[in-house]
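Heads up, the next two complexes both have subunit A, just with different partners, subunit B and then subunit C.
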Partner chain A sequence: MSATAPATTVQAVGLSKWFGQKVAVSEVDLAFTAGVTGLLGPNGAGKTTLLRLLTGLQKPSQGSVRVLGLDPRQDREVYQRIALVPEDEAVYPHLTARGFVDLNAGLARVADRDQTVQLALEEVGLADVADRRLSGFSKGMRQRAKVAAALVSDPEVLFLDEPLNGADPVQRAHLIAVFQRLGDQGRTVIVSSHVLAEVERMADRVIAMIDGRLAAEGTVHSLRAAMTDKPRLVRIVSDQPRLLGSLLMASGGVDGVRLDGITVEVSTSDPAALARLLAPTTRQAGIRLRQVLPADESLETVFRYLVGGR
Partner chain B sequence: MIDFGLTRHFVRRLARAKRFLGLTALASSAGWITWLSSMGESPDTVAERFHITTATVAAVATSIAFLMTGTATLRDERDGGTLPYLYMKPIPRWRWAISAWSAAALVCLGVGIAAWSIGWLATGINSGSWTLAVPALSLYAGAAVGYTAVFVPIGYLFSRATLVGLAYVFVWEGIVTQFVSGLAASSVWRTAMSIYADLTVLPREALDALGPVLPGAGGGVLKLAGTVIVGTGILSWALRQRDAL
Partner chain C sequence: MTDAVIYDRGYRSYEGERLGRAAIRRAIARDGIRRVLGLRRKARRKVLPWSLLVTAVTMAAVIIGLHFVAGSISAAVAEGLPSYPNLFDLYSRIALLLIAVTGPELLGPDRSLGVLSVYFSRPMRVSDYLVGKLFAYLSVAGALYVVPQLLLHLGLAGLSDDGFFSYLVDRLDILWKVPAVAAGYLAVHGGLLAVVSSQIERTGFAAAAYFGTLTAGNQLAGVIADTDFPGSRFVSLLALDDHARVVRDWVFGSNLGRHVPEEFGFDPWVSALAIGVVALIGGWWAYRRYRKLA
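Up next is the complex of A and B:
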């Protein structure tokens, strides 16, 4: 029995966008499936332009976009099934949160509007303040109102451009849980962010963009594993760090060792060999291991490697 | 034809109290001038002053008020970053264009009626005739319909929409169509004036504002309808072809 490949919901082929001499997105080929995908990159990497191209807000200079099998520039009915939370803080200050979500529901032809609007507001935790004007909202609350406005049409594909900007830690955790739940429900959630820790927390898959180009894609672990030219860092906490460090260096199985209190940070180009070496070495020397952790598999490290000296 | 949700949204946005009052104050300057200049005058003089100020002062004041409203319809959304909320909805672009235009036209009609009502009060109080100013409603209504068909697309197409709109009002309408008779029909103000001139007897100074255009309500209405079709057609095309942001 062969596993069925997940269906592609959003696809970009040879996608480019330039403004005069400036190339914002260059020959990007991408496919998104259900689940949460993090779109990562420094400011100016082309994340926002890519999202605008994928949602049909901007016309590709070259290449094509298909969302749920449709071209968003031509087939407007796709907007019944997708939604965007734009990066701008922009909302309508004269509207209440309920009015704002209701406006989006009305234009999206949502059935049973009152109840759907209420559910969307509850989903983002704004039900208690739904009848207050957006002009009096904090930045984080406005972000949540924007997310509610996107959720109200029950989208199959949700594009989020820096959705956690301005949200406090509690709000962030809440929104991340919402996005993960949407991904678990089989929706395609594409989240752009420059905050690595957030992407790492919410995304199954990461796409990194640099200078308008696709730099890497995959899980954080697979991206790190693919960087064979970079030695891996492993942090080992033991009761005899100095002895452990000298034994590992003497064994020749590691590239380098650095001591930091009770921690030994080992650099190795062959982590599997280190794993095979560590157990017998510590057992023979009577060293008690307390913790062995990869030190550079965080998204931040992976991203730092990707962008090099930037 | 119209998406009522979209139209209602644009109207609510455009008709915010401060903006509406400010533009009404500007557009009503012809009415105030009539009021002040015709106090204690004979009914014939009141009528003459009303028609002349309406044809000349209102030509500038009203067109600028309608320019501000028309160009703001979509520019406010784009500059404010709120356009994606409206753009990413399953609404055909031609309905989108008609909704934007109709919202701007409704608000301009409101501004025009409020401005006209000052002139109507002025002529009513100073001359005792409450029907004298009624034909001028056609001028404000025609200008609201025609100018918004020009200014709403300009607001979407140009980042310096106000400047482009001012060039249309002062250079195109004020100078080019005055001296090139073949182009006179492209002036929204003259077209609206042709309807007004057909519905009442205007003094010579007011008729000068028509330039080479002849009075005629039927022809004026048809030209305005053509302007609306062309304007919303261009906007519809731009919404389909151009970047929304």
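Up next is the complex of A and C:
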């Protein structure tokens, strides 16, 4: 396994899109590489518009897009190498799953359709029900059929707009595993979602959008680390929480302490100093520590910080 | 964004055979034909298109039978029976119904179901999409016009006293007249269908608009053209359905009634031109609309 510089597969430079007075995407600069990237934001943040711009389905008001080095608005051959799973229903209810995927294989100009369609259906776990009409499918199954339809062209770059909408927990887990596998294969998988837990589970990197602007990008951990102006929360479970809390407050090394049963939630703007303080303090007081965990490195916390009072 | 290192995990993009753009058009056309004919759909979706197609073929068979019976009585009686232009008159009514009910299915649901983004995120252009849809329309509606005429032609050849092949050789003109007249009907109906279906998403409303424009529009154009205001005769050119009938009579040299544009002094070539204009407007309209949507 040789390490190579990450090649940029999708790039947006100064990308903006406005509809009349409404600015949907504002001066976004982004670059995507292989792996799964989560596009996160509340409803109306501009995620769908951004995906439509990146896939060339909408013309930018300003800025440019390059996908695999090509402009998708100018060179439609790039569509042989990418695929989109749109947020809309986007299936024909009268078709079977196989029929729908087969139609997409035709649109993708795939030569060996039977085998390719079967493989795509197997990939999303729909092979057993492939000959049932989509009208009889649950929403989650239809989502999987859409993903299969996208996979039929074996895309290098896959754009998925809220692909887990309507999927039950088992289907979600299955689809997340599929996306991770696709990312692990070296494809660029860009998944939009407003559900934080989903993005956290599936994405190597996160891009957060708020009001059409890029709010943050990076791994969840690096995003949290970059927020130096926000105090960090550390959850400590011990046998003497009340004593531990008072000692930490007396030391002056923490900003605040909150007790919750056997747990002490400590707020600090200098986690490293807390780490240095914790061991001698507990040893001298004879306090036994059971667990020390960062309490605010979840994507939800990060996102709450980013969104702020919005 | 690019501070990480991505390892080469072995993914290689698909290098198998890719077909040409014609494959996309075929895929769209195939899907369109299935949709219009209700193939692989519930039985109620098949009832109307198939009953109309069967009716069309049956009518051709009945006319052949009538020629057989009449011919055994007298050649003069057989001459008076319905033939190619009459059959067009009958089929245009069947086609009107078939296209009204099933035609909007070709375009409307793609928009209402949000499937357009599936199409246009593939290596295709708006023209590929529309050509595929056009091919589906021509395949079904064209078959409705041409297949029964072909059956009639072969049937009459079989009944001919001159012999099968002599009949065919003597009437080679039928081989261009039938397609030419069918093209006229298909163009005027298809042009209007393209405009209506591009604008109206709900298939029921699109069907009503199409049907209403062709039937009531014909009558209305005649009434308005008959008024006294200056240039009112040009309104008769909006009798779209009659243009195809004028061209039919022109091509076959038949006279199956006076049609609105003729009543107001327009020559048949004007009707042929009007058909071309309607087809061009329909194509341009749909292209412009889908360029925006794509």
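The rule we apply is simple: the second predicted complex is superposed on the first by the 306 of 310 C-alpha atoms of A that agree within 3 Å, B and C clash if a C-alpha of one lies under 4 Å from a C-alpha of the other, contacts with A are read in each partner's own complex, and residues count from 1 in each chain.
Simple rule for what comes next: a contact is a pair of C-beta atoms (placed from the backbone, for glycine too) under 8 Å apart; a residue touches a chain by one contact, two chains touch by 3 or more.
Since this is a predicted model, take the numbers as computed values, not measurements.
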Clash or fit (per the criteria above) of subunit B with subunit C on subunit A:
clash
First, second, both or neither for A:149, with subunit B first and subunit C second:
both
So, does A:255 touch the first partner subunit B, the second partner subunit C, both, or neither?
neither
For A:187, is the partner it touches subunit B (first), subunit C (second), both, or none of the two (neither)?
second
Have a look at where A:82 lands relative to subunit B and subunit C in the superposition and call it first, second, both or neither.
both
Who does A:103 touch here: subunit B (first), subunit C (second), both, or neither?
both
Look at the residues of subunit A and decide whether subunit B or subunit C touches more of them.
C
Of the two partner chains, subunit B (first) and subunit C (second), which one does A:59 touch, if any: first, second, both, or neither?
first
Once chain A of both complexes is superposed, is A:91 in touch with subunit B (first), subunit C (second), both, or neither?
both
Shared subunit A surface residues [contacts with subunit B and with subunit C]
52, 55-57, 76-80, 82-84, 86, 88-92, 94, 103-104, 106-109, 149
Residue set of subunit A touching subunit B in the complex reads 52, 55-59, 73, 76-80, 82-84, 86, 88-92, 94, 103-104, 106-109, 149
Subunit B - residues contacting subunit A, complex:
3, 5-6, 9, 12-13, 16, 80-93, 240-245
Taking the complex as given, what residues does subunit A use to touch subunit C?
1-8, 30-35, 52, 55-57, 76-84, 86, 88-96, 99, 103-112, 146, 149, 153-154, 156, 159, 184-187, 204-205, 217-219
Which stretch or stretches of subunit C touch subunit A in the complex?
1-11, 13-14, 16-21, 23-24, 26-28, 30-31, 35, 40-42, 45, 109, 113-115, 117-125, 294
